[in-house]
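Quick heads-up: structures coming right below.
Look for chain A in each of the two complexes below; its partner is chain B in the first and chain C in the second.
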Partner chain A sequence: MSTVTTTTDGTGTADRSRAAVRHMLARIGRYVFLCLVLAFFALPLLWLATAPFDDTPTIGTSLPDFTLDNFRALLDNPYALTSLVNSVWLAGGTALLVVTFAALAAYALSRVRVPGRDALLYGLLLLSSIVTGTATMVPLFELAFRLHLIDSRLGVILILTGGLLPAAIFILKDFMDATPTSYEESARVFGASPLQIMRHIVVPVVRPGLATVGVWAVANVWGNFLVPFLLLRGPDKAPAAVIMYTLYTEGGQADLRLLSTFSLLYSLPVALMFVFVSSRYGFRFHGGIKR
Partner chain B sequence: MVQVTSRPDETVGGARPDTGASPAPDAAGLGRARAAGFLVPSMVLILLFLVVPAAWTIYLGVTNYRLTGLAAANPEIVGLDNYTRALTDERFRTSLLLTLQFVLGSAVLGQAGLGFAIAFALRDRRGPLRRVVEAFVLLSWILPSSVVAFLWIALLDRDAGTLNALLGTPGMAWLLDHPMLSIVIFNTWRGTAFSMMLYAAALENVPRSHLETARLAGASTWQQLRDVVFPRIRGHVLTNLLLISLWTFNDFTPFLITAGGPEQRSEVLAVYVYKVALSGGELGFGAAISFIMLLINLVIALVYLRMLGRRKERA
Partner chain C sequence: MSAITLRELTKVYPNGVRALDALDLEIADGEFFALLGPSGCGKTTLLRTIAGLEVASGGTVRIGERAVTNLPPGQRDVAMVFQDYALFPHMTVRDNIAYPLRIKKVGKAARQDKAAATADELGLSALLDRRPGQLSGGQQQRVALARAMACHPQVFLLDEPLSNLDARLRLEARTFLKRLQRELGVTTVFVTHDQAEALALADRIAVMEGGRIRQVGTPTEVFRRPANTFVAGFIGSTPMNLVPARVDGDALAVAGVRLPVPEEARGEVTDGEHLVYGVRPEYLDYSPDPVTDALTGQVVVVENLGSFSLVSLDVLPAEDGTATSVQVVVPEGREPEPGDTGWVAPRPGRSLVYRDGELVGSAAAPPVPAPRTGVGADA
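Moving on, here comes the complex of A and B:
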């Protein structure tokens, strides 16, 4: 941050010092604000950092009597680890489909003029924001039943993909619009096919966008409770979101030791994935969602 | 102020079919047929798992379909009965008001306001402070909702919650006495990351020299925001508000914290639908409310597009 430079003449010392004071106050204000923000966002997360390691965790945050016994207890729970593996399958499969299909569609929409394209995009985005929720639980269930997708991981993956695609296309199209077309043109001159151009030129250029959408899709599926809860029967296919819910709703008093360790194990993969992707590719809206 | 980068392509309804946003038409030589091929996988999935269930919801909305009983086997068409019933229902109207409060409080004021403030405070900062702040904000966004719901239940707990211990207010039952405030603050905490990232990117479009000039001319921070920053990120602001308003309007997560209670005082529409359709078993009535929600979403989107259109006229 540069300081306010004064002009060569005409500015009195009083003015200058007033400006300096104002500048100081602004800086202090900014620090205080950022510290408050930090406190607000960190406070609820503290419990997740302390309770799993506490010998006798309570609902409040306190310095733990350090132990790792809780994790050992978790390993004895038959469904805890399987559910995490199930979550990996669902999230990985969905993210793969979402990124692939959305990249193809966004590229086509970005480069070829389709009549009514923007109306289509906005309409689908609007639809996806409401249809994925509780509103269509009943039709979704009946649809899955008729397509023989009940108790099938593929069914969950396809339904989640359908729900996430519009927003993914929306985000990726902006990335595609922002990339210059000159590389594609020259590749075309040298006889590359559209799919080759897509794979060797477009994908590397928009990689931050693909990473963003991939992480976003994984995080969405990782936390999604409703769809697997509706469609998968029995605990051996249930993902961690469903098991987590049963941990604090089943049987009166929740077992805080189990609950806290499982929360941590369940949260860790998305957090680590985020750190990895953001340090590798940068996790941000490249130039923003422009409009 | 005239924007050099103003995009003339946002005409919805096909009024202007040749959209001009693309950098150059068809650089890779896709052609219409192959472009359609690229679109097919997405469109099939969207049609099957998004459009069909939506249409199904509209159909269910005019029937008396129930989860159990006689109407479960043979649903009858009841016309607009469900809709008149919903619109005259006190519980529905209360729920709609609560939802509007929820959207205004947590999305527009909370997420967008706080997100912008954080992005603006961090705009010319690099280094550990920025990374730590961003990391925590993003963490609250990325963690699974069943986990964060429990974290907030623990934080706000009446007897042993961390918040009461910090504030020195033992026995304060936040979730019972201030259920709406609780879920508004929760949702602000949960969703600010999206707005923060979007505004951080948008602020990079504001030339630093303009801010510098304004500051030298003696403009206060507020004046800089109003005259230099805001005109340049107006489009981002509108996109941001549209998306987070829609997401918040349809958000089901409050259910995991307050379950709509106590006495339906935090029963936003998404929770109301769930209770009517699945707990109450009235699938037809629930579908009708879902459709009303869809219409309200449409109104929100149209208001946003109107505002965007006005920007275009000014540009």
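Moving on, here comes the complex of A and C:
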């Protein structure tokens, strides 16, 4: 009896250690795989970190032959820095309009009972992907032309705002819905006007939502190429996304030194904004207040 | 003077629900007044209409000497405490209490002093710099009260003031609230669905059903002499026993026994008439031995409620054959066992009779409009 037990125990231990080894190997394999995937996606970012400081950057990543000449060359380019300023104007203007109008619309849609409200919201959301999409570029161009908004920053801002608003309203309405109406009613009983209620109560309570939508709008405009490319004529008004394209074609082939340096400068503001807003407000894509 | 006078007040919601139905009510200056009723009876709508958050479809609201029916809430000189307290989560306790003064354009230093003084009265001084999220439920309620007090309104309106507190805190807050109201002497109207809360707090109670007031009276009046079977069933921690009865000569035939007609109904009933006999479990005396003028039956359930027990007896069926159960409160130590036969005798002057749901012999009480069914919504 005891012999049998011992034998069973022996094989049991062997089985267990074999299983442990298999488990360990599986873990190692999994992490190696994950590292490879990560490296695949991290390489372009690594290129962005090294190439701008490289004397002779290539399409591959290597230890840079350190230099800051690329930045000097970029400063000599007449449009590089102005284009970044242009981008700030376009992104800031659009974000301001989107946040303002989306907040007002979302508040109204959340508080007033409109028949067919949800259908309206979903319809808008569906259409929004078309408005700034390629499909409507011809009529939009025609519209801008008739309104004398060709080669005008305002035209670009208005069209981008129109494209972003539906989704912004959709996100913000959720935040507004999660704000109890008793807050507003309480302020009303104390005699606050609608504008005071908006300023004192609603805006501070939904601030994380406003920050999220603002950042999202800036990031969207920052990366938009097609609308400013078609609507703005000269390079003096063109944003960074469009100027990047001109760097690429000058001299018939990609100017990797300028391109890499400019890419770095181009991505820094948005990355910094994300970090700042995230640490300040925290990103949330849903409403709900911790009480 | 800050009495509240409502005349023919009607509120019909756009979806056709008649939440208030030509309602007349007078609330005296300085009174602590309860609006009581089951959910959907229109009590919250009534409170919100007094506040101005709902616009009346008809009728008038007067506060003191002023007609306020068409005034916006901010100009009515009322303060409201909401069920969830509605403290602004992004403001400190100090800023919350000072908010009404900020709207009234009081200078920052002055309103902060006022907020600190008000907070001090309610024992909130240590919490002035906290956010509402860092306070307990009871503290939040006090902050909401302080905020309402800070602007010295003519009227306080409280929506379910105790419902968001846990059971133990509720008792504490109840005493606190009653004391505060007495000290301030401000006309206060509160809404509740809890009859015990209304009885404990209010100077007078309006019991509502279906957008109408079924009875207005002091807690003693509505408890002892419910004007109709609805109020009788709603008021009291155990509902009143309502047993079918028939007038038989100079007595009432109730569940197989003859009981004397209650004094106040004598001369108002006719022989052979079918009525409902009502008596509270608290006003019945249980006896294991036969007694005269008592209902008798078999004990079926004994519920221990601490210092007393609630005993249910199946009494003899009524003439139409429906089985009837009667509940009686028995002091501790004298509980019967299920299966025992017992006698329950109503105390003199504590039993009532109802004809078609209305109290008989209530000539002194104001007439109560006939109930309307199928209406009412609690907004």
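Keep in mind that, in the parts below, the second predicted complex is superposed on the first by the 240 of 291 C-alpha atoms of A that agree within 3 Å, B and C clash if a C-alpha of one lies under 4 Å from a C-alpha of the other, contacts with A are read in each partner's own complex, and residues count from 1 in each chain.
Operating definition for what follows: a contact is a pair of C-beta atoms (placed from the backbone, for glycine too) under 8 Å apart; a residue touches a chain by one contact, two chains touch by 3 or more.
Everything numeric here is computed off the predicted structure, so don't read it as measured data.
With both complexes brought onto chain A, simultaneous placement of chain B and chain C is permitted, the two fitting side by side without a clash. When both complexes are overlaid on chain A, the residue A:Leu265 reaches neither chain B nor chain C. Of the two partner chains placed by the overlay, only chain B lies in contact with A:Leu38; chain C stays clear of it.
After overlaying the two complexes on the shared chain, residue contacts for A:Gly191 are found with chain C alone; chain B is out of touch. Touched residues of chain A were counted for both chain B and chain C, and B has more of them. Contacts of A:Leu143 after superposition: chain B is touched, whereas chain C is not reached.
Touch criterion met: A:Leu109 reaches chain B, while chain C stays clear of it. Residue contacts after overlaying the shared chain place A:Val88 against neither chain B nor chain C.
Look at A:Leu96: by the touch rule set out above, it reaches neither chain B nor chain C. Contact with chain C, but none with chain B, is seen for A:Pro204 once the two complexes are overlaid on the shared chain.
By the touch criterion stated above, A:Pro180 is placed in contact with chain B and with chain C alike.
Between chain B and chain C in the chain A overlay, the least Cα distance found is 7 Å. Common to the chain B and chain C interfaces on chain A are residues 180, 182, 185, 187-188, 289-291. Of all residues in chain C, those touching chain A in their complex are 51-53, 72-75, 78-80, 82-84, 86, 88-90, 99-100, 102-104, 132-133, 151. Of all the residues in chain A, the ones that touch chain B in their complex are 1-2, 4-5, 26, 30, 33-34, 37-38, 40-48, 58-61, 97, 100-102, 104-105, 107-119, 122, 124-140, 142-143, 158-159, 161-163, 165-166, 169, 177, 179-182, 184-185, 187-188, 194, 197-198, 202, 215, 219, 222-223, 225-226, 240-241, 244-245, 248, 259, 263, 266-267, 270-271, 274, 283-291. On the chain B side of its complex with chain A, the touching residues are 5, 7, 9-14, 17-19, 21-32, 34-36, 38-39, 41-43, 45-46, 48-54, 56-57, 60, 114, 117-118, 121-122, 124, 129, 132-133, 136-140, 142-148, 150-152, 154-155, 157, 159-163, 165-166, 189, 192, 197-198, 200-202, 204-205, 212, 215-216, 221, 235-236, 238-240, 243, 246-247, 249-252, 270, 273-274, 277-278, 283, 286-287, 290, 293-294, 297-298, 301, 305, 308.
On the chain A side of its complex with chain C, the touching residues are 180, 182-183, 185-192, 196, 200-201, 204-205, 207, 289-291.
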